[in-house]
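Going by the order they are written in, the chains are A, B, C, D, E, F, G and H; count residues from 1 in each one.
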Amino acid sequence: MTNFEELGFSKVDYDREERTGFPEIVYGMSKTGEQVQKIVEKLISKHNKTLVTRISEQKATDVLASVPGGDYCAHSQTLVYGGNEPIARGYVLIACAGTSDLPVAEEAARTCKWMGCRVETLYDVGVAGIDRLLAHRALIQEASVVIVIAGMEGALASVVGGLVKRPVIAVPTSVGYGTNLEGLTPLLAMLNSCSSGMSVVNIDNGFGAAYQATLMMKLAVDGGHSN
Amino acid sequence: MTNFEELGFSKVDYDREERTGFPEIVYGMSKTGEQVQKIVEKLISKHNKTLVTRISEQKATDVLASVPGGDYCAHSQTLVYGGNEPIARGYVLIACAGTSDLPVAEEAARTCKWMGCRVETLYDVGVAGIDRLLAHRALIQEASVVIVIAGMEGALASVVGGLVKRPVIAVPTSVGYGTNLEGLTPLLAMLNSCSSGMSVVNIDNGFGAAYQATLMMKLAVDGGHSN
Amino acid sequence: MTNFEELGFSKVDYDREERTGFPEIVYGMSKTGEQVQKIVEKLISKHNKTLVTRISEQKATDVLASVPGGDYCAHSQTLVYGGNEPIARGYVLIACAGTSDLPVAEEAARTCKWMGCRVETLYDVGVAGIDRLLAHRALIQEASVVIVIAGMEGALASVVGGLVKRPVIAVPTSVGYGTNLEGLTPLLAMLNSCSSGMSVVNIDNGFGAAYQATLMMKLAVDGGHSN
Amino acid sequence: MTNFEELGFSKVDYDREERTGFPEIVYGMSKTGEQVQKIVEKLISKHNKTLVTRISEQKATDVLASVPGGDYCAHSQTLVYGGNEPIARGYVLIACAGTSDLPVAEEAARTCKWMGCRVETLYDVGVAGIDRLLAHRALIQEASVVIVIAGMEGALASVVGGLVKRPVIAVPTSVGYGTNLEGLTPLLAMLNSCSSGMSVVNIDNGFGAAYQATLMMKLAVDGGHSN
Amino acid sequence: MTNFEELGFSKVDYDREERTGFPEIVYGMSKTGEQVQKIVEKLISKHNKTLVTRISEQKATDVLASVPGGDYCAHSQTLVYGGNEPIARGYVLIACAGTSDLPVAEEAARTCKWMGCRVETLYDVGVAGIDRLLAHRALIQEASVVIVIAGMEGALASVVGGLVKRPVIAVPTSVGYGTNLEGLTPLLAMLNSCSSGMSVVNIDNGFGAAYQATLMMKLAVDGGHSN
Amino acid sequence: MTNFEELGFSKVDYDREERTGFPEIVYGMSKTGEQVQKIVEKLISKHNKTLVTRISEQKATDVLASVPGGDYCAHSQTLVYGGNEPIARGYVLIACAGTSDLPVAEEAARTCKWMGCRVETLYDVGVAGIDRLLAHRALIQEASVVIVIAGMEGALASVVGGLVKRPVIAVPTSVGYGTNLEGLTPLLAMLNSCSSGMSVVNIDNGFGAAYQATLMMKLAVDGGHSN
Amino acid sequence: MTNFEELGFSKVDYDREERTGFPEIVYGMSKTGEQVQKIVEKLISKHNKTLVTRISEQKATDVLASVPGGDYCAHSQTLVYGGNEPIARGYVLIACAGTSDLPVAEEAARTCKWMGCRVETLYDVGVAGIDRLLAHRALIQEASVVIVIAGMEGALASVVGGLVKRPVIAVPTSVGYGTNLEGLTPLLAMLNSCSSGMSVVNIDNGFGAAYQATLMMKLAVDGGHSN
Amino acid sequence: MTNFEELGFSKVDYDREERTGFPEIVYGMSKTGEQVQKIVEKLISKHNKTLVTRISEQKATDVLASVPGGDYCAHSQTLVYGGNEPIARGYVLIACAGTSDLPVAEEAARTCKWMGCRVETLYDVGVAGIDRLLAHRALIQEASVVIVIAGMEGALASVVGGLVKRPVIAVPTSVGYGTNLEGLTPLLAMLNSCSSGMSVVNIDNGFGAAYQATLMMKLAVDGGHSN
């Protein structure tokens, strides 16, 4: 009934695209370069596309040796090959509070694009200068889904959440020091937002926000019918 | 430019429906019965509908005295009056792990319904008996959005997340004891889910999950166009 | 050299006004009604003014029996008698995010007034409706000192901090549930604010913020000269 | 009465095999290479077998220089020499959620084998693809004891726990990031499992789980009689 | 394929005995008396035995009204009806550190007995008087499985763990104050025990320890063969 | 309406001086050297002054290459260029508990000076030798604002707070080990000070304390009038 | 070899006086009144003296019914009967920071006295008014042992520690609110004291401090010889 | 009145020996080698003895260059020069649980010796082999003061505490992994010990325990008289 390939250290799940809409995505952090390479080869031979997140430059070099068409971005630690069918309407807005949040924002942006979304970005709009943010109201309010990325106290998420009719996915980052607690503080803040319509993903998890945002975009183009 | 009414203890925000799609919703927990009553009267006179969450039976009695058409549910601590335009297609599935999670599930269900969604429920499907859950695969996979509610270790969210193509919103509950830490444990577990496409709201926040789920449903019926 | 009166359970510090500018203020929480009463009598006989914080209605009744001119406010759990010399210029602005934060805001307001400050208030201006806040820019920007009081995620402090030239004192409140962690979340958020010029006091400590704000006001009227 | 050898920095406990069934096992982490070597020599001369856990490649090289028959595995950071009497019936199943959990799984497997157990393994069966797990129901249900190893949210333990009649020992791993909190999250989740019959050991403690699993196996072959 | 009965608020899992060896056990804490009663009736009609844990005296009275043969113990908050087949050999030893740990010890003892085990107890043997413990070495060393229950610093578990050849299950209790942190301290201590062969369950979870201990006893009488 | 320059990775906020009294200050920690350099060039061309905090020696070398008049201090990790108008009266006292707190104290001192304040310092006056502190009562009591910097248990803040009529800003440092918890302990201690008139900033945040102190000094010279 | 009496729920340890110098002391918190009463009767019949701590007024009434010569103090929740041999020289000083710390101070004082020490007290000498404390230098410096009891930030311990040649035992109390964290904050502060010669006991554990102080006093009168 | 020397970065406290019995001791961790060297020179010229703790090998080399008679121990990271007058009677026993705790034990031993105490040691007596410990009852019971050093779960402290009539000072160490939480777990365990007469110092603070132990020894030889 189930369809996966046994590599010993991994069971590559070929049914995942059928079951969840997208092929298995590879989390590169605690796998060896060789393990990533083998999994990627299997996924490409089956699906002709793949995404690897949290992959260091050195491991990526190993993988690209055998996957020449791949595109690696050291800033966001992502490697993409091929891509999914474009989603025709709307865009995901990725807003972030400060320059230091850019690696997470780029992980989100590259994931969304590989999954088929159109992406708009709005960077360095932290609430200490609220007018920089409000100068872009239209861009914010016309997005289909908004991903808000912020470290420190994470207040940007609440302000954006109060401006829109669309779902907001908040991503806390580990940007900060001391009582930032490596991102726990913006995480907690976002979970307690006084704005409605928001949910939260793990610290620095730009990928996770992008994935869910794309599922919302696909729901939107499918019109809420099951498929 | 902005349109709100000053009650001294509160500034009722009449623009919120225009700005975010739904009128202000009243959080009843730390307001007095009299405060809730005054805000509710203002909101009904403006919008002809209202929702109050986390309102005790005693406060609700006060409110209902002056708002005769309201409907109070002590189990979920919610009071609704009127409702929003129905959303024509699809349904939100509310799945919960155990009988003890029902108050949160009911808060979510009543919020979704008041906001206009069709709701299906799947209760007591914790992973200790995985076959009870898998017996309902179709209901799960055909939902437009799934809200998963679980206390203890919150594992239900990950299992459901691996079965569907649609967004999953996970709600940790404070059901459990000892190292459940009043819901922190399922919250942390859900934030670390190995399934993609999931995001998380505050502990016991059935309302928040329902609100975001409804925004997804509205995005779906609008087809991803801005509005 | 030092001047205090020994009551056995307490050493009433008569030098404090000379040393710090204000007489000893009584923290009523874990003292008995009788203990508070005795300390208050001593302080009034010495200074002809007193302030008691965190005093329950029952203890206050005991105290007022022997201090007829006192004024008790059950909402903020404060009892004042007499007051300090008015501070001639400027005002302290007390802004709070939601109706539920009012008890803390009132503790701050009554403390400021007893200490001699002019107070302006701006209540229920949480960032979920940012325009309610921005509608009062002038009131905010003309304050000499701003006290910002907020529970949930505490984002109001950062937004206000980005608008003003004057010091901001942030007071987290225990308003919220679940991961609010009884006020730890807004506390942490405020300590990590991306806005400069802000400092933070203990959870629900409206008194502490008011005290420091008043010291700033006194510094302002003294012109920065030592005294 | 007691029988141990004084090395100054260590008292080698020769009675342990008599008392607990197995000789002292060496925890290599914060000992010097030379200390490990001396203890190992003593244990081998007494028991003709030894196990060292958490021993780095460099320290292992030192030890192997004087213990030529030892077998070091860098992946699991274990060094074994000799072994215990085989346990005749049944097997311990070691199941892990992802490829990144393999070092802990291997520590458990090598410990079980050295102690005399037969081991079966089931790797990369995380709950995001529940069918990969359910495809091995027989292997799971026929095990005498199951060790479940998982990082992230640790949900695998609860699902396996609901499938079997035999004891389950859950091992949380530090695989993950952000709110994984270096393994605290799966630890807490496992302690709150909704499945009965499960207990938990320290984070990444594959050794500890294997040790207890073996005691269960020995109890099984002894038939519950004291010995 | 699966066999459960839908009560609306609960899906009673009739397959559990077949799958896991024991029928579903009812966690009474956050269910209403009426809910417990209905579930209990179903379970008794199917299995002719039931166990309810964490059930208050008032709820128990409701349940006993319709289940006359039940036996309620207020001290341990457990209700039993009928019981499982006796396990012929060996005994589970339940040792606890202080008088205050008795309710948890009794929950464990009553669960073990209902499940079929022979139980021996050793109460008030905390390590501050180590000789009280060592006076019972034989009873400890001849047990098939030992459950150690302790609050405060939980040191009893480590001392017992160093004396036996059999598995030890440690149960931290919430007995203590201040930095006991409602049982987190003994939990953490037990997870870090320097004795091997021990695993840990949730705070105050006497039931969970008893359940796993019984699975070990059944494994012992089955001789490690799958069944 | 708003005036900022878009650099792609950053929106340089030119209105900040108008709005908050001081130009944007650059947080160097998680920006690249090149990013800092570009922002600094823009700020200098606009305001002819700049301050960069938490900038490593290597990044500073990059910046100084294109900003020759800058002054870098490796001890405090700050880079200053130009400065603000001097504040004519009074001084900020910076007191620290131990030699190890000096980097934070220097960050505070250099920030205050760049912003225009006169600064006095009092180093190594921890409370273990209370007489060293009390020997400087006059210097402490004549300050307009006091910044107290301390690690370990942070007790210096409370003692100083009890001696003065002026506001105290407490800065916890990460100096210590074990239960210092990287500065959380003095932070918590300072938030719970028994002295009134104190507020707290993030761990090691000498900059933040200096910024707020300067706002107080400016308020003092402005006499509490809005401006 | 060991000598204790089995009460079923308790093993009364008659050897403790021989072994540790004092008979077993009864922790009354989570025992029933009847259990305390039985243990107390046994201890009095054996030792003709007893101390019960953390015993509520109601339980004490039960105990006193059968132990007429006992002396109960509701303020400190202690019950004493008889007492130990006086310790001839020196005194224990019990200093506390505020009126609210008195119950803990009284528990310490009554324990010391029952154990045979002479006690001096110094109450309400918190560091916000350092001169109140320094006015008693002689009393502090002539003590043989000092117990310092403080809530809030616990700074009193460090200041006293810097003044004396004798050991200081610090007792954090749960006096405070918000980030006092029920006493964790002064506990952490005391553990990080910059003064040498100090050690710490559990939150509110006046008994524990008194017990250790008495052991020091006995060591002093014994002259450091073993006995 | 007070007597200290100003070095700019430090105020060397020459009165400390008079006030507290011992000269200032230098904490080397976050001072530069040059700073330590200057302070050490001043202290030696004044007192002809000094102790530096937590000093790395490299810094020690710098210091020894100008202080030729110093003795550095890399294992315990301590540097001693000269020493205090011997304390004539009794000994301090330093017991530790495992080989990995030796660096902390050596810091304690060297501190005690420099301060004048006689020291006995008992290493590697963790409770997993309780008989190794009990084999040394006489050595333990005849000590004047016992310092117990243990990581992991810290149970050794409670067992020793139950055996002696003398004060016990417990030192938790950061030896362990996972839920050891870098020593927080044994710290919490020791604070909750069921044995009386024990107090606790910071994690890995062998110095602090030794300092207090020596104060007890001095009290013993002084006979409890003030001096």
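Things worth noting here:
In the analysis below, a residue touches a chain if its C-beta (ideal position, glycine included) is under 8 Å from a C-beta of that chain, and two chains touch if they have at least 3 such contacts.
Source: prediction; values computed, not measured.
Steps from subunit C to subunit E, taking the shortest chain of touch contacts, total 2.
Between subunit A and subunit F, the centres computed from C-alpha atoms are 36 Å apart.
Centroid to centroid, with C-alpha atoms defining each point, subunit A and subunit C lie 44 Å apart. Counting partner chains per residue, subunit F shows two or more touched chains at residues 19, 98, 128-129, 134, 162-163, 178-180, 184, 187, 191-192, 196, 202. Two chains count as a pair here when they touch; such pairs are A-B, A-C, A-D, A-F, B-C, B-D, B-E, C-F, C-G, D-E, D-H, E-G, E-H, F-G, F-H, G-H. Across the complex, subunit B meets subunit A through its residues 19-22, 25, 87, 89-90, 141-145, 162-167, 169, 187, 191-192, 196-202, 207-209, 211-212, 215-227. Interface of subunit C with subunit B (complex): residues 98-100, 102, 123-125, 129, 131-132, 134-135, 175, 177-180. The part of subunit F that touches subunit A in the complex is made up of residues 1-2, 4, 8-11, 13, 15-16, 19, 27, 29-31, 35, 54, 174, 182-184, 187, 202-205. Looking at the complex, you find that subunit D touches subunit B at residues 97-98, 126-130, 134, 152-155, 158-159, 161-163, 176, 178-181, 184-186, 188-196.
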